[in-house]
Amino acid sequence: MNYNFLIIGGDKRISMLAEKLKRDGNNVKTYANKVEEIEELDKLEDVCKTNYDIVISSMPLTKDKINVYTPLSEKIISIEELKKIAKDKILITGDDILKDEATTILNTIPTAEGAIQIAMEETNYTLHNSKALVLGFGRVGKILCNKLKGIGMEVYAEARKSTDLAWIKAYGYKEIPIEKLKENICKMDVVFNTIPYKILDKSTLILMSKETLIIDLASSPGGVDYEIAEKLGIKAILASALPGKVAPDSASDYIKEYVYRKILYT
Amino acid sequence: MNYNFLIIGGDKRISMLAEKLKRDGNNVKTYANKVEEIEELDKLEDVCKTNYDIVISSMPLTKDKINVYTPLSEKIISIEELKKIAKDKILITGDDILKDEATTILNTIPTAEGAIQIAMEETNYTLHNSKALVLGFGRVGKILCNKLKGIGMEVYAEARKSTDLAWIKAYGYKEIPIEKLKENICKMDVVFNTIPYKILDKSTLILMSKETLIIDLASSPGGVDYEIAEKLGIKAILASALPGKVAPDSASDYIKEYVYRKILYT
Amino acid sequence: MNYNFLIIGGDKRISMLAEKLKRDGNNVKTYANKVEEIEELDKLEDVCKTNYDIVISSMPLTKDKINVYTPLSEKIISIEELKKIAKDKILITGDDILKDEATTILNTIPTAEGAIQIAMEETNYTLHNSKALVLGFGRVGKILCNKLKGIGMEVYAEARKSTDLAWIKAYGYKEIPIEKLKENICKMDVVFNTIPYKILDKSTLILMSKETLIIDLASSPGGVDYEIAEKLGIKAILASALPGKVAPDSASDYIKEYVYRKILYT
Amino acid sequence: MNYNFLIIGGDKRISMLAEKLKRDGNNVKTYANKVEEIEELDKLEDVCKTNYDIVISSMPLTKDKINVYTPLSEKIISIEELKKIAKDKILITGDDILKDEATTILNTIPTAEGAIQIAMEETNYTLHNSKALVLGFGRVGKILCNKLKGIGMEVYAEARKSTDLAWIKAYGYKEIPIEKLKENICKMDVVFNTIPYKILDKSTLILMSKETLIIDLASSPGGVDYEIAEKLGIKAILASALPGKVAPDSASDYIKEYVYRKILYT
């Protein structure tokens, strides 16, 4: 590979991305993101003296809707300025990456591993031979079930649609149609939620054992009535954004794959 | 369960279905399909004296576009007559079942097992530690890869879309983008095709080892240039309609599930 | 590798071994075993004009206790003559190989695969989600359980010793102590026996379902009272010497590994 | 079950054991170990007024070779006194349990899970698709390999004996004979050691990548030259006694199983 990249802002994953792009033989410069052995532009004006074809910005692009997200630098650059810099170039923003389906699929891997790590840390028994229930059989549900079975758990998966229930069966897990959730939830050791609405509401929580651990992987505010859970003495953990936390190195690999794919098809 | 079924025509899977429906406590009568301990109507006219809510016909519904498929009986009944009989009743034809997605997903299980059985029968080495390549990562491809890995093969899967390639990676198989198929196919021991177009054409076949076995699961006429394969001395087996052949018992279970689901939501 | 081999007698596995040794760069000659592109000595006397360091004979060494087993040739050579020929050379007989523990362990792979192939051929339902019981948790039992689970069966394993029961649990199968065999056997779909004594005697067989398939992997006469099984209408299959039957190619690989190991440590 | 137990000393695992024995319907009293809802004898003299058949002491029995290990109590009781109390009764000490092979096998489960948890915590990439090397294929090695493969790692296992190497192959891992360790170790992401001698000495450590993580499961002082590892910048973690740390609940289950088995066969 031999491209000229300009990296603007971003957190540790973007720094690791810069390093990896360089290691692949590309020319890489940064602005508002410091990486060892990579030249960082000092002033925004220096950009015009720089040779670059592809601009990569932060992930997420912004937190305040005005400036690019630059947590590793004191420099400030607005989205407007970014757009000017990227004019007539390929611009890849964190938001493009977050919307890319292939990257989302790959991110299920660190999400599943992170969820298992939390389950191991929060229980005083082995996951082996314990009962896991996964709520929802979307992307995360699919890979999580696969790994829970691999680690030796007895895996139940809940879904609504007959096709998802068929997949659950075909992969060798035990299927629980949503209408049978309430009669089954009492026997579970760990419940992993992947559904982004309050599926674990009061009417379900009161049927659960106090010993059951809930790990909620749905994006904030999650799928658990946390107040009720606490009153009932059921431990529920909201675990979001796991890829960046448990495996930033792998996360930056997936971003790199996206970047090359994007360049190839632009 | 307590329904009144009238089964009309059909092959062994439909006979097994009739038995299972009866064992579940339903009332079952047949016409043009003989099942032990189940009453078979002698004449079509007897239907009017019969109490039934649900009519189930053969799978496929017909082979000649005129009469219901009745391979187990000498009786004849036209599709027209079937429709009259089913008027104001629930009618479930084999064609509905074939179009049902959940049933199609469940049928990937016997398809995958049947493919493995053929691979075992046709090789004189163990599948364990041998290399399998699955062409296509649709329904059959997904479950076949899962089972091939379970039996101990080194599993490669080919796909075109970046999302499928991401899934392949997330499930722990080795992904082969279509554009790298030709450079990788020479090292495979068994190639399973699930893609319904001639992906294994001359230009690819000539790159393969004569020792490689091809098992073609795509619906007829399959995805292999069989003439060229034969000339090159590569063994290629077209294996279609496996569920009915290797596991009619399971196939009739899936049909039963469909029937109950259909009744529930009608 | 560069050794001078003289192969004497043997079946197809030995022929394949000869080919593979040659392909590795060794000099190979045969007597009483014909292999394409390998020189076969015409007369026993020619041996003295031949340069060889290692003599490999048939597997088993003999069937009549007098002559070497030469099923692929009309030539005859006695064990006495073999010993003379092998004087001051390394002699590897089939009987050494059969006694080698590492080879026995490797042979559990084709044995397990062969057992699964038979189970697939003899059932009209999918193994997936069916119940398998493995009697005995020795070498074959261990690898068979591993593969049965991989293919999607619910795996039960029976053992006598508390240590074996602990292993069964640690590998994630369901353990059945011998004293609970009788109360559990009725629910099994396929029973695989690996124990070389009549564990499936009348008192146990009468508790089994007629639908259950028995696959007996114990060396002849096996572990089933076949007469009683037949009377009860239970299908029982004695499947012995599977490696040579289902995977002679892999079997010859294991023999080759043994040969090199033996040479290395002699 | 209905036995009369007297529990003397011990840590949390023994407390949990007491609870579980009581929940099973047994009569349980303790001395020098406080458990909710279980009567604790106040003075050693009260023992004579107590009805008990089985005495269970701490694990390990003692740390100072004089008194029973009583970390949860301020009471003191010597081994001599324990023996008097247990005269003509069944006495089960922690040391018996530690020597029991079945319990040791079961303890490989929490050991393997604990090792995986550490690997997840100490890496910033996913274990999925990373390379694990397990040194030694004894009890812990066997179950650890099984779970590492289940979680999606590429598993290599090192052994010395040809039989262990055959097992490694039969289970579908990649075998590394000890003499090929040095040429292979550089490519590993995580190395798990189970061998109780300094296998990772200077001559091997210098061949490793600084990025490789070592998790040492061998009993203290472990199998790594820690001083050299530190100098080379290789992270090495000595992780011992994992069952009691990561899964005391499961550990007390295994002890309970042992206790019942011991009673049954005494």
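Should a chain be cited, it is by its letter among A, B, C and D, assigned in written order, with residues numbered from 1 in that chain.
Quick note on the criterion: a residue touches a chain if its C-beta (ideal position, glycine included) is under 8 Å from a C-beta of that chain, and two chains touch if they have at least 3 such contacts.
Note that the coordinates shown come from a computational prediction; the quantities given were computed from them, not determined experimentally.
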Checklist outcome for this item: Note: of the two pairs A-B and B-D, more contacts are counted for A-B
Next on the checklist: Could you work out how far the Cα centre of subunit B sits from that of subunit D, in whole Å?
Outcome noted: 48
Checklist entry - How many angstrom between the C-alpha centroids of subunit B and subunit A? => result 36
Item to check | Numbers and ranges of subunit A residues touching at least 2 other chains | outcome: 109, 128-129, 152, 169-170, 172
Next on the checklist: Quick check of your reading of the touch definition: is the inter-chain graph here a line, ring, star, complete or other?
Outcome noted: complete
Checklist outcome for this item: So, in the complex, the side of subunit C touching subunit D is made of residues 101-103, 105-106, 108-109, 143, 146, 162-163, 165-167, 169-172, 261
Item to check | Complex contacts: residues of subunit B adjacent to subunit C | outcome: 109-110, 113-114, 116-117, 120-121, 123-128, 147, 149-152, 246-250, 253
Item to check | For the subunit C and subunit A complex, residues of the former touching the latter | outcome: 128-129, 152, 169-170, 172
